[in-house]
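In what comes next, chain A is part of two complexes: it sits with chain B in the first one and with chain C in the second one.
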Partner chain A sequence: MSATEEKEQAVSGQAEQGKEGGEQAAGRAEIKPTSTLSRAKLLKFLVLPLLVFGAGFVVNLFIGWVIFPRLLYSEKDQPIDFSHKIHVEAVEEGCESCHFFGEDGTFSGVPGAEKCAECHEERIGIHPEEAKLVEEYILPGKEIPWHIYARQPNCVYFSHAAHIKMAKLECVTCHGPVGESIHVKRYQQNRITGYSRDIWGWRISGIKTNSWDRMKMDDCADCHKKSGARNDCFVCHK
Partner chain B sequence: MKDIHSEQKTYKFGMVIDLDKCTGCGACMVACMAENNVSFRADETDKLRSITWMRVYKMTNGLPFPDTEVCYIPRPCMHCEGSGHHRPAPCIAVCPATATDRDHETGIVSQIYTRCFGCRYCMAACPYHARYFNWWDPKWPKGMEKYLNPDVSPRMRGVVEKCSFCYHRFQRAKNKAYAEGRREIREDEYQTACAQACPAGAITFGDLNNPQHAVYKLKNSPNAFRILEKLGTNPKVYYLSTKEWVRRGVDHYLEEEAQD
Partner chain C sequence: MKLDRRTFVQFSLGSAAGITLSPLPWKLTDDIAIWTQNWSWVPVPERGEVSSVNSVCNLCPGGCGITVRKVGDRCTKIEGRHGYPVNNGSICILGESGLQLLYGPWRIPSPLRRAGKRGEGIWEKISWEDAITQVVQKLRALRQKGESHKVACISGPNSGTVSQLFARFLKAYGSPNFVQMASGRDTEELAMGLMHGTASPVAYDLEHASFILSFGSGLIEGWGSPVRVIKAHSIWRTRNLKERATVVQIEPRLSRTAAKADNWYPVRPGTEAALALGLAHVIVKESLYEHRFIDNYTFGFEDWTDSSGGNHIGFKRLVLTKYAPEAVSQVTGLPPRKIIDLARKFAKAKRPLATWGRGKGSRQGSLYECMAVHALNALVGNINREGGICPQPEVSTRTWPEVEQDEIARSGFGMPRLDGAGTDRYLHVKYLPERLPQAINEQQAGAVQALLVHEANPYYTMLDSTAVAEAFERIPFVVSFSTYLDETAQHADIILPNHHCLERWEDFHTPIGLQKPILALLRPVVPPQFDTRHAGDVIINIAKRLGGSVAKAFPWKDYETLLKWTMGDKWNTLEKRGFVQEANYKPPAWEEAFKTSSGKFEFYVKALERQGASQPQDIRCLPHYKTVEPEGDHANYPLTLIPAESIRLANGAIGNPPFCTKALPDTVLKGNDLFVEINPKTASNYGLSEGDSIILETPKARAKVLVHLFEGIMPEVIAIPSGLGHTAYDEFLAHKGVNANKLMGVVEDPVSGLSATWGARARIIKV
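Up next, the complex of A and B:
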């Protein structure tokens, strides 16, 4: 029996009231419509559906935010567990000691093994990761197959010279406090697009709190707009 | 927007092609294809399907021997300036995806392949046939991927492409200028592949607004003209020819029509 029918019955007359039984006292003249919601019905129509919805919500959220990203991104270890912190303390010119500019304005990005060999031609420490570097890569003359976190798609042109030399931006603004890290984080690659997780951002919710959280086109365009730089297509595309 | 851009120097890059010097050798076409990763097939006979950002056309005066004269007309994208904001280049006006746009700094008409969805309106709108459609994914002969230019993004099946005035060379030149603390680039720092490849020196490239650049003087020559000038597309590619029949033919004037 639905709630409206009950209401109609309650209003229709006192004679029928006795039939309802249960919690409805037979002698009452006026019955408020809400009082017809018994505890059992409350459980049945409100609490239970809410529980079912809530459980489904949590399960789906779990699938979407935890399981889906794991399916979408493959995870790889960097070949060497590099400590930026140790190196920043040891070198003189900060980031640019290893991530240097060429004379023609080109940027080294992640430098080749040749740059490492300037200091690590032979072992200079006792760390097992350094032993790996020297024995597996430098002595045999092999390049280190780093996974590049910030690699952009093919259609993107980016000039480090324009941002660092001309606009005087800090490395941290886009790359975050990498220089303070002791271990390299695991590299995640989107299985569909092949792009690094750092481009889309690590937060699956897409919320951005730091300027270095994401490296999508909108993030570049936002900053260009705020700083008064041009936003023509050919500024960043090639 | 205007005050934002006012701080930065704007160029108006353009080209002057001397048809009296052009021998029709096709070096510009080859240089362009190699520079810009333009794909090709084993059989390139069907010109409706082949891609040539720079294309050399042949024109004759139609007279019998011994009066026959031949003129070769290299045709890159004209990078039409249009007239004002409300009348841009024909391709820009029709593009529903904003995949093609006029670059404010250089005046170059850009084409963003990842934005294009291949409706080919622009190809229909372009009066110069300067735009090409990728009917297939590019397939390079074995080992050739290693020779591709890393500065130019390769295109995929289903998008339109065209000459970009070797825009990546401008990016490279500016990159170098920034590293040296300059904002402006010199004339010799930015030249297109076709201009550098032309053995006859027929192609001159530079800033049409800069009196110091060679193109500035050449475009003001009495022999200078542009293709289909009467359409009002305002192209940034000028041609030079001393021959009356070439000028009339290229501008598509009819016999009885007077040239202004």
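Up next, the complex of A and C:
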């Protein structure tokens, strides 16, 4: 064997050894990654996906919680910025001065302009909203086109008399402390259903903390159940 | 970072999670659900003042009080009237559907004149003036020719003033041919008239009965005053175990009533009278009857001798000799043991009560069968007692002045009636509606020149529809006063549409079967929706236009004036409260109860002595069993067809409204196909299985129907739902199923002449 041949053999022997060594190294990497490899892969397989996932997640949370409600509801101004507080202080019989029961059990939930005219036949104060009332509605004899917050759907039969006179419920239980408000709140209308936002409640989550936060069927049914009132379909859906 | 598939999926997953945890999908789902309820094309009554009006429902003889809820001028709901003595707040499915009749497409919008062939449905709108003139001209011409008796009038079976107005009109005009449509009360009135001496329907004190033996009465399927009976049924069922009433149903078919009964005894159809007499046999034999009543207040229980010394047998001997359980068992198919057992239970019950009238009780039926059931009630002494029966009382109203007839009217009115009622052959009845078509067809053409039809739909409800159609063909001039475009209106020449019952004033007398007299008032709940007029006003108008003595018989300005006059001192209460009830009414005690010739309850009905001599006299006068054989021989028609009635299927003059039709199970009606019930045993003989198509044939007609296998029907018997197969009305009712009346012929009761039909012989052919 010449020296060259030996060298060649040696090289190939080394190469063979190197091959073996390389295989051994690769086998070890599968079991225990080197620190350089794990960082790159962590980034590729965990952090980046999480970031992309998180981006989608956050964007859609934002859409669902913030943008959606704004798109869902249209906002309308009430014709007059009415102050319950001022009126409650001014009248003698509290709420019932304007929200009273008729002899046949009908309830003056939204008193007509006629009722306002009992005091405001002409201006009695200096408030610009009062001027609007007198000039735009009372003098021309027009009804005030209030947007009604608590308007229930057509399929619901609701009697104030049954709830207030018979079940002795307080107004606040369903309507909240409206009597203390200085301004009328914004009226928001659901673009899909046409219902007032007060029915679903102002929290888009639908979670309620007060009894007056929501006016859906389940809220009626819960109270009926708790108070032992009938919960048959025909009680409300006549 | 590049946007590849992987990133896209990651972002989407994040989005999905984000959206899921936001209110958006949940709120949107809710909103969309609500949105679907508020489509602009879904009819919603306009906003308006909510009010309610009390009135009475006259869609059936039940006469329930109703409260109609209105929004503005629109009726939105009919509810049972609270505190009303008949139904106290409850209502049936037909009454509840009343608004579909008011606003539905089958209302007749204005007077119509036929423009095409009869029944073709081509109409020309005419004015009221024009319509009434045409009727008046026709009637005047007939009268001048001396043919006033050739005018006939068919009215509904109720006893109110409008029906009486038509009767009065015919009397003043000069025709004897006023007929009221058939109903179960015809036979009841006859039986009560003969046995009690008071010709009234039977009033049942159901609420206080403790053992109800129902001879096929559909107690929860529309029998009697339906809501009242269903309420009584729930009283029987909800009392505590000790006081709970027992209900026994005798019927060849497991109806809903039978299914809810304590015991169900299927007997061969048409043999109910035999069973009643078999029960009487056991009660008499074992001396379980009420001795105080039988011994003191009845006639013809024991054998008796007349003034000329002739011996007559009594009810006791008749039942003891002829109706032993074994013999009755042969006829009815019920084992003797069960007959004896049932008789003992019935007689020993505290307040037993036997009810008569198959299904809804709207068919006339056999007189002797009614008498046999009635005799059972008498045996246990529950006549005019709590939990028993009494003649149905009425609130009295003012009587109209006698009609002063002129010469033409006198001679016309004196002519024999076409249906033969009141003649020697049919001595005891006022009307024989089911005989009328046959009588018209038997006579030479032109026996009836004009026919007025009010609150009735004979073209559909009369038996043997083919004969009815033929009779209509023979009448050249038919005037219908119908509110709806029913079959009769469809085959009329002129229609003078009446107001709907929610648009008019009318009186309603004691609902069928009630033991306290009530007089109630229908009032206009809404103004007329179409160009219609009150039939009462129209007939008064026609009379006035005819002039002379006919006009004089109607001294009232209009119907409302007449109604107020007739109600007299009760009007104010009626107008204010809606009804007058004699809540304290008590039927007279046994001493004064019976107005028969003997002054007692008659088992042996002397009034029947004069009736035709086809049977021995004694048998003729006593309740007995005689088969009412439907047409056709057994060899050719081996099966028996019976009608099946349901509260969800109106089968009278009023067509079934869509709400009710929708409530029918698809074992009754599937699309336009009608099912008949057949026992699986019978079906297997014919190789039939569920849903198979068959031709059902009776001697009267044939029809294609589907098979519904039902273990609850006796073998060899087929039940056909009654109330479908209309050809008129609208797409929601017309051409759905088969008219059961078409398949059944009239079987005349041998004594009364009323229709005793309970079914028909039939055969089936598989197709």
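In this text, the second predicted complex is superposed on the first by the 200 of 238 C-alpha atoms of A that agree within 3 Å, B and C clash if a C-alpha of one lies under 4 Å from a C-alpha of the other, contacts with A are read in each partner's own complex, and residues count from 1 in each chain.
We take it that a contact is a pair of C-beta atoms (placed from the backbone, for glycine too) under 8 Å apart; a residue touches a chain by one contact, two chains touch by 3 or more.
Because the structure is a prediction, the values reported are computed rather than measured.
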Joint occupancy of chain A by chain B and chain C, clash or fit: clash
Touching partner for A:V88 - first (chain B), second (chain C), both, neither: neither
Partner chain(s) touched by A:A161 [first = chain B, second = chain C, both, neither]: first
Which of chain B and chain C A:P153 touches, first, second, both or neither: both
Partner chain(s) touched by A:A113 [first = chain B, second = chain C, both, neither]: neither
Contacts of A:Y195 with chain B and chain C, given as first, second, both or neither: second
Partner chain(s) touched by A:F101 [first = chain B, second = chain C, both, neither]: first
Contacts of A:V172 with chain B and chain C, given as first, second, both or neither: neither
First, second, both or neither for A:D232, with chain B first and chain C second: first
Residues of chain A touched, compared between chain B and chain C (which is higher): C
Chain B versus chain C as contact partner of A:C223, first or second or both or neither: neither
Those residues of chain A which chain B touches in one complex and chain C touches in the other: 153-155, 238
In the complex, chain A residues that touch chain C: 48-49, 52-65, 68-69, 72, 153-155, 190, 192-195, 200, 204-206, 238
Chain B contact footprint on chain A (complex, rising order): 101-106, 153-155, 157, 159, 161-162, 165-166, 228, 230, 232-235, 237-238
Footprint of chain A on chain C - complex, ascending: 1, 6-7, 10-19, 21-28, 30-32, 34-35, 37-38, 44-45, 69, 77, 79
Residue ranges of chain B in contact with chain A within the complex: 4-5, 7-8, 101, 103-106, 108, 110, 112-115, 151-154, 164, 167-168, 171-172, 174-181, 183
